[in-house]
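In the two complexes that follow, chain A is the common piece, with chain B as its partner first and chain C second.
Now for the complex of A and B:
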């Protein structure tokens, strides 16, 4: 699974997602979930790493469930939620087995036809790469900002925690842009 | 006479304005020495001077040229000739691994993937960091990241290397390692280096030193003399 071509994996994910969304059948969804779990087992990915998604998204899922119960009958609600969950699980499996930079490569191939419209896919791919690189940086500076706010006794002050983060992000973006410009790089 | 590099950088009637504020003003300046250092207080214009040389900052008035090529009209060519290393290592690397980052630098000059890979490997090897090639860039130490940033620039075989406080964020061992590598490779490939720094010991090793203060070159010449001037002016 880790070694399968990333383009194929993305294509399979797209097909499976489409099938689940079109079928609108909890049985199909359940089947796909079983399939995802089996694939994960074969790829030696602990199921816990798939299920961790539930914990991260529980609030969104809870709101969706409540909305469904208010707006629809329980059967339809179950069916809608099962479809969403199935698609998320399948996508999570893709993310767990594919290096982000490979996904950017797939993105560039998917966007290749845009070249005809004068849009350079390499530029979008570079933007995606920079975004991926920025996530750990932003996480670090969020952490640092929280510590600095605590050092000043301002841990409950939203401004003290967010303004330095925003300024730091803008500064980092400018530095990155300048460094790329100096190297003459405008696409990946 | 001081030994000359083969490159000449010339400033003529240059003024750089940000709105109405004057950032830097240089009427005449010719740089030909192999090793030049730029010192002075923060916000005085050191970075602006360096960025004028590779066209990252364009003069509001006047001209800057590298080997006769105007930095505005021939920005891309000048940037290929004059490499730049910034003080923040993390912001200079965009790819997941050092090898891929150096390959990204070479994308324009080497079309063949395998050639690109071997050239990138050579570049890392030359700096003694071949073993970092496949590591995750974000997990490297700042010192290692800065060497990778240097590799991404040197891979393009520049004739000028602009270093903007390259060791400010590094510990002593990494700072020394970085400057030694720059020294060694600049010598080997005949690269002219212009280093903006607060490290006066490092500045003293140059052949010529410029002191920039409040947007002007206030002292220029022998490093010892210029550094003495700087110390005297900065005395509190």
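Now for the complex of A and C:
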């Protein structure tokens, strides 16, 4: 599973998701969940890593379950919840077995036909890689900004917590752009 | 009047020229702002104000992309974020990703975001080029809230109604929960964006 071509994995995931969304049948959803678990076992991924999803999203799922009980009959509610959970589980499996950079490669291949329209897929892939690279940097910056806001007693002030992040992001983009220019990478 | 219009056309001309000369800077801005949207989506809900109502920041990143980068680059940043998330990067709120989110309640909101950034960006560009500096913050607020009301919320309501099997009316009532937070986020985003355009005019020059 880890070694399977990432393009194939993305395609399969898309098809499975489409099938679950169109079928709208708890039996189909349950079948897909079993399939996902079997694949995970074959790929030697601990099932716990799939079920972590439940812990992370339990609040959303609980709210949805209550709303469904109020607004719809239990059967529809089961169907809605099973559909959402199944699709998220299948997506989680892809996530656990694929490196982010591979996904950028997939994006590039999907976008290759855009070349005919005069858009360069290489540039989009470059933007995607810059995005991946920037996430840890900006996450640190956001965390730091939150600490500074707390130190000033402004932890409830949205502006104090987001403006430093935004200015840091603009600065980072400026430096990245200069670095790309300096290396002549604007013709990707 | 004629002078101002010639000025605008001059700016537009300069825009095209600089953009042709420096696509690397645009690529960097698009990539970094897509990352900014992701980081804001990760942030746990922040209690705001005296009542401590928790607010999630995802949509603020979208508004900021439109307000700061303008329509095309803003929409590109939002689209990059949504497409990579759908392909499977865990960059949506709650660290989920993949086509699976299309089954969830937020599918409509997610798919609408590139268009939201486009609408917000167009209004913001007009405001920044024509509007007086004094009215900048309120008008940028209008741009942010317009994108949200015209695009994000209708799409989100339709998405919830389809995925949760509820009527549009019921979905509309779920949606109302997000309105107060939206107003606050748009206000802060407008102020922050005005600050950026003042301190980093090089972005505007190509906006």
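Here is the rule we use: the second predicted complex is superposed on the first by the 170 of 188 C-alpha atoms of A that agree within 3 Å, B and C clash if a C-alpha of one lies under 4 Å from a C-alpha of the other, contacts with A are read in each partner's own complex, and residues count from 1 in each chain.
As a convention for this text, a contact is a pair of C-beta atoms (placed from the backbone, for glycine too) under 8 Å apart; a residue touches a chain by one contact, two chains touch by 3 or more.
Everything numeric here is computed off the predicted structure, so don't read it as measured data.
Once chain A of one complex is fitted onto chain A of the other, the partner contacts of A:172 extend to both chain B and chain C. By the touch criterion stated above, A:101 is placed in contact with chain B alone, chain C being left untouched.
Shared-chain residue A:147: touches no atom of chain B or chain C.
When the two complexes are overlaid on their common chain A, residue A:123 makes contact with chain C while staying clear of chain B. Contacts of A:181 after superposition: both chain B and chain C are touched. In the superposed model, more residues of chain A are touched by C than by the other of chain B and chain C. By the touch criterion stated above, A:71 is placed in contact with chain C alone, chain B being left untouched.
With the contact threshold set out at the top, residues 100, 126, 129-130, 132-133, 137, 172, 176, 178, 180-181, 185, 188 of chain A are in contact with chain B in one structure and with chain C in the other.
Interface of chain C with chain A (complex): residues 22-36, 38-40, 42-43, 46-50, 52, 55, 57, 60, 64, 68, 76, 80-81, 83-84, 87-91, 94-105, 163-166, 170, 174, 184-185, 188, 191-193, 195-196, 199-200, 202-203. Interface of chain A with chain C (complex): residues 10, 13-14, 17-18, 20-21, 53, 56-57, 60, 64, 67-68, 71-72, 76, 79-80, 83-84, 86-92, 94-95, 98, 100, 103-104, 106-107, 123-124, 126-135, 137-139, 142, 156-159, 161-163, 165-167, 169-170, 172-174, 176-178, 180-181, 185-186, 188. Within the complex formed with chain B, the residues of chain A that make contact are 99-101, 126, 129-130, 132-133, 136-137, 172, 175-176, 178-185, 188. On the side of chain B, the complex with chain A involves touching residues 54, 56, 76, 79-80, 83-84, 86, 88, 90-96, 100, 104-105, 107-108, 137-138, 149, 152-153, 156.
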